[in-house]
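Just below sit the structures, each encoded as structure tokens.
Look for chain A in each of the two complexes below; its partner is chain B in the first and chain C in the second.
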Partner chain A sequence: MIPHAPILAIVLPLFAAFLMPLVGLLSKRYNAAKACDWFAIAAMIGTLLLVADMAPSVWGGHILIYKLGGWSPPWGINLAIDGLSIQMALMIAALGTLVIIYSAGYMQRDTRKDLFYALTLLAITGMMGIVLTGDIFNFYVFLEIMSVSSYALIAFRRDSNAIEAGIKYLFIGSLGTSLILLSVAMLYSFVGSLNIADLGAKLATYRDGAQPVPAILIASLALFVTGVMIKVAMVPFHTWLADAFTAAPTAISALLAGPGAVVGIYWVARLPYLPFGLPVGIILISLGLLSMVVGVLMALTQRDFKRMLAYHVISQKGYMVLGIGLGTLGSVLGAQGGLFHLLNHSTYKCMLFMCAGAVLFRTGSQKFDELGGLGKNMPVTALTFLIGALAISGIPPLNGFVSKYTIYLGGIEAGLPIVTAIAVLVSALTFASFFKAFSSVFLGQRSERLRETQEAPKLMLFPMLMMAVICVAIGLLPALGFNIVGPAQSAAENSAGYISQVIGGI
Partner chain B sequence: MSLNYTIAMLLIALGFYCLLFKRNLIKLIIGLSVMTDGIHLFLISMGYRTGGIAPIVTSELSSNLSNFASRAVDPLPQALVLTSIVINICILALALSLSIYAYRHYGTLDPYQLRRLRE
Partner chain C sequence: MVGWIWDPIVATAAILLGLLTAYGLLRIGHKIAKPRPTVEKMKTYACGEELKPEETHSDSEQFFSPIRRIFRPFYRYIQPVHTGVLSTYLLWAVVGFIIILAIILLTVR
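Showing the complex of A and B:
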């Protein structure tokens, strides 16, 4: 393993972000228009290699602990990377790289690309930090880095829609992060520690019901869950998501739908075990079910391409939260299915947004009423969209089927067959909604205006095809996914192992 | 000491009320910053000790560490509050600049009038 790899995976995109305006200046001076693109892509590939380099030793059963400044936990800040973190870090790095490659094509008509890349890399830094850190205040700081840069990215084009969506997300998102800060403050006042492993160890007495849970701990947990749920956009807190994803540049919708979803679900998966370890399974299951149903019903009525995809993000995140909730009731399959669905959903939802972006890039429209018959003009985009649509509807042999089926089995394993029934029904509605989208965009009557539409640029097609290949590959060989998800699920559950390795392992 | 906590909770509640019920973007921003200031007050009060000393180990204090430890205030909340203040300045600046753009596009600061996306 490369020495200092854990911190380098955070520092590399951070420094690349700060150097980006300089690269932008130089590229203008020396007329190298593509310099910013290549610099951002190189930084992301470097990050991906660093994360991939850490993976084998984590899957070997270790928890990588990196002590910042040499202060050993629980006194200093430390990065702790277990199986769950490494799954999330791999997904953020891999999907982030593809999104940056896509942006190089998608943003080519925009000015100030250096600032766009600087913000995107900062958002990725924040995401990477959230999943790698072992310190709860550090988590809050990285969450704010990610959030502030994504507010700015959503409003990047500064037209009226973008500003409106940016403002909405800013207020709701800042409320959520303030709640998390208040929760962290309460936790510190009660326990006197900020290290997640140390908090878990000190709160262990309340976990097994030996002592009554004090009110401040419940308040802290409630604030934390609310804050995380605002970021994940579960149904009562979902209003910002559809606007943000509709109005943002499509590359950013893809970034927030893929890697951005990862960080929220990471905390949902962590929450039942560390640092609180209090039973939240029922909350997760009910919020998940509600989001699944409401999300898909809202999606069915949409007439805007990206807005429909955004409501499906809510609905599909409901599946993940539901699966993780089932996991806390003792269903290993449920938890594995939830994390597996995160892996699959991030891939194909990223791809679907990229398809919508390709259509928007070539036609200038994202309304179903104005589109139609584009299958002949954009065959590759149509094919990747079809793969994504079938995957999200859970049609075998694509990856969405595998993870959804695992969640269905998890519902039965947890003794809640009604949950499985609702999940199957939502899946059917998802299929109906995507059938409508596919036929109104790629099939049917082509209007005069769209006759000369060309296929998307190669730089945009490449990441889309890569993701389509991942979707088919995981669908045909589910073991590929389970090899990543299995260690992640067992690491999330094994809070005693985490605590002993982080605090005991010097 | 409990006065601090009371005021902190009052500020948080006021800010929250302002965020929920006010219909002007600038007032919403004020509400957000009042709320985070309440959280900061809560954090900083947590580390304070009546009659405490600055948590800096000097040569005369280092001879009697247990005495030092029983009198010094907790330095960690101060570090946390500093970090958090910086973060909230970023959010404040971004929110104000977005409000300026919103006013230019829509000619109003009423967040309920910003609804072109829904139509």
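Showing the complex of A and C:
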């Protein structure tokens, strides 16, 4: 393994972000218009290689512990990378790389690319830090790095809609992070530690039911769950998402829908086991079901391409939260399905937003009623959108089918067939919604205004095609996904193993 | 892991075979009974009025109006409360927190 790979995976995009303004200045000085693009792409490929380098060791059963400054946990800050962390880190790095490549094409008409890439790389730094850290206060710090960068990125185009969406996300997102900070402060005052493994070890007596759970711990858990649910955008905390994803530059919508979704679900998967280990399954199942239904019904009536996709993000995250919630009731299939759905959804939702961006880039519109008949002009975009639409609707043999099917089985395994029935119904409504989207944008009569529309630039098509290939490959060979998700699910549930490897025993 | 319940290669082959069969039947059907529409039938019109391509585009909000009727309570009560007013949304978050706190109190104690 590359020495210091865990910290380098965070530091590399962080330093690249800080160097970006300098690269921007040099690119203007020497008239190298693409310098910022290539610098950002190189930084992300480097990050991906660092994360990929850690993966074999983690999948071999080890938890990588990186002690910052040589201080042992719980005294010092540490990074702890287990099967769950590595799945998330791989997804952030791989999808982040594809989003940056897409941005090189999508943002070519913008003049402040250095600022855009600096903020994007900072957001990716925050995401990477969230999934790699073993310290709960550092989780908060990285969450703020990601969130503040995201607020600025959403308002990047500075039109009235973007600024309103950015401010909404700022207020609601800040409420979420403030609740998490308050929860961390309560935990620290009660336990006297910020190390996640140490917290887990010291709270084990309450987990086992040996002692009654004190009020401060209940309040801390409620604050933490609410904060995480605001970030994940579960109903009724979902209100920031539709505006933000609609108004942001589409590359950023793709970033927040793909890698951005990862960080929230990472903590949803951790929550039932560490650091609290208290029962939250009923909350996860309830919020998951509510979000699935509300998200898809809201999506059905949207007239805006990106807004419709945004509501589907809420609905599909509901599946993941539901699956993880079923896992707390003893359904291994539910937990694996939830994490598998995260892997699949992040890929095809990123791709679907990229398709919407390609249409917006070429036509200047994201309104269904202003589009139509573009399948002839943009065949590759239409094909990739069709693959993504079928995948998200859970149609075999694509990847979305495998993860949704696993969640359906998880519902039955947990003794809740009604949950499976609702999940199947939501899938049918998802299909209906995407049928409308495909029909409105790519089929039907083409207006005179769209007659000369061209296919998206190759730099935008490349990541879309890559993701389409992943959707088909995982659908045909689901073992590829289960080989990543299996260790992640085992790691999430093995809190005793995590604690013993990080601090040497409970 | 899901091999015992779902073999994607076999299923994909079956789906492709089904699609090919359907396509073949369609072609054979077209050969046996060739469509011979009149000139009037080929025209896109409503009440005899000629329409421009953009006017034939179906309204995206009404695309699934039957579904809207089935889920009428949702579209009557839940959709309209998405007002876009920030203070209302912050109130939802506070109410959500109280519900979560109540559920945790009920399940933990």
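Observations on the model:
Just so we're on the same page, the second predicted complex is superposed on the first by the 504 of 506 C-alpha atoms of A that agree within 3 Å, B and C clash if a C-alpha of one lies under 4 Å from a C-alpha of the other, contacts with A are read in each partner's own complex, and residues count from 1 in each chain.
The rule is simple: a contact is a pair of C-beta atoms (placed from the backbone, for glycine too) under 8 Å apart; a residue touches a chain by one contact, two chains touch by 3 or more.
In this text the structure is predicted, and so the values were computed from the model without any measurement.
By the touch criterion defined above, A:Tyr405 lies against chain C but remains apart from chain B after alignment on the C-alpha atoms of chain A.
By the touch criterion stated above, A:Asp243 is placed in contact with chain B and with chain C alike.
In the superposed model, A:Ile283 makes contact with chain C only, not with chain B. Of the two partner chains, neither chain B nor chain C is touched by A:Pro6. After overlaying the two complexes on the shared chain, residue contacts for A:Gly200 are found with neither chain B nor chain C. By the document's definition of touching, of the two partners only chain C reaches A:Gly486; chain B does not. Greater residue coverage of chain A by touch, when chain B is weighed against chain C, goes to C. By the touch criterion defined above, A:Gly388 lies against neither chain B nor chain C after alignment on the C-alpha atoms of chain A.
Of the two partner chains placed by the overlay, only chain C lies in contact with A:Lys436; chain B stays clear of it. In the superposition on chain A, contact of A:Ala219 is made with chain C only, not with chain B. Under the contact criterion defined above, the residues of chain A that touch both chain B in one complex and chain C in the other are 167-168, 171, 175, 243. Residues of chain A touching chain B in their complex: 137, 140-141, 144, 148, 151-152, 155, 158-161, 163-168, 170-171, 174-175, 178, 181-182, 185, 188-189, 194, 243, 246-247.
Chain A contributes residues 167-168, 171-172, 175-176, 179, 212-213, 218-219, 221-223, 225-226, 229-230, 236-237, 239-240, 242-243, 278-280, 282-283, 286, 294, 297-298, 300-303, 336, 367-369, 372-373, 396-397, 402, 405-406, 409, 429, 432-433, 436, 439-440, 444-448, 475-479, 482, 486 to its touches with chain C in the complex.
Only residues 1-2, 5-6, 8-9, 11-12, 15, 52-54, 56-61, 63-64, 67-68, 71, 74-75, 78-79, 82, 84, 86, 89-90, 92-93, 95-97, 100-101, 103-105, 107-109 of chain C touch chain A when the two sit together in their complex.
Interface residues of chain B facing chain A in the complex, by the touch rule stated above, are 12, 19, 25, 28, 32, 35-36, 39, 42-43, 46, 76-77, 80, 83-84, 87, 90-91, 94-95, 98-99, 101-102, 105-106, 111, 114-117.
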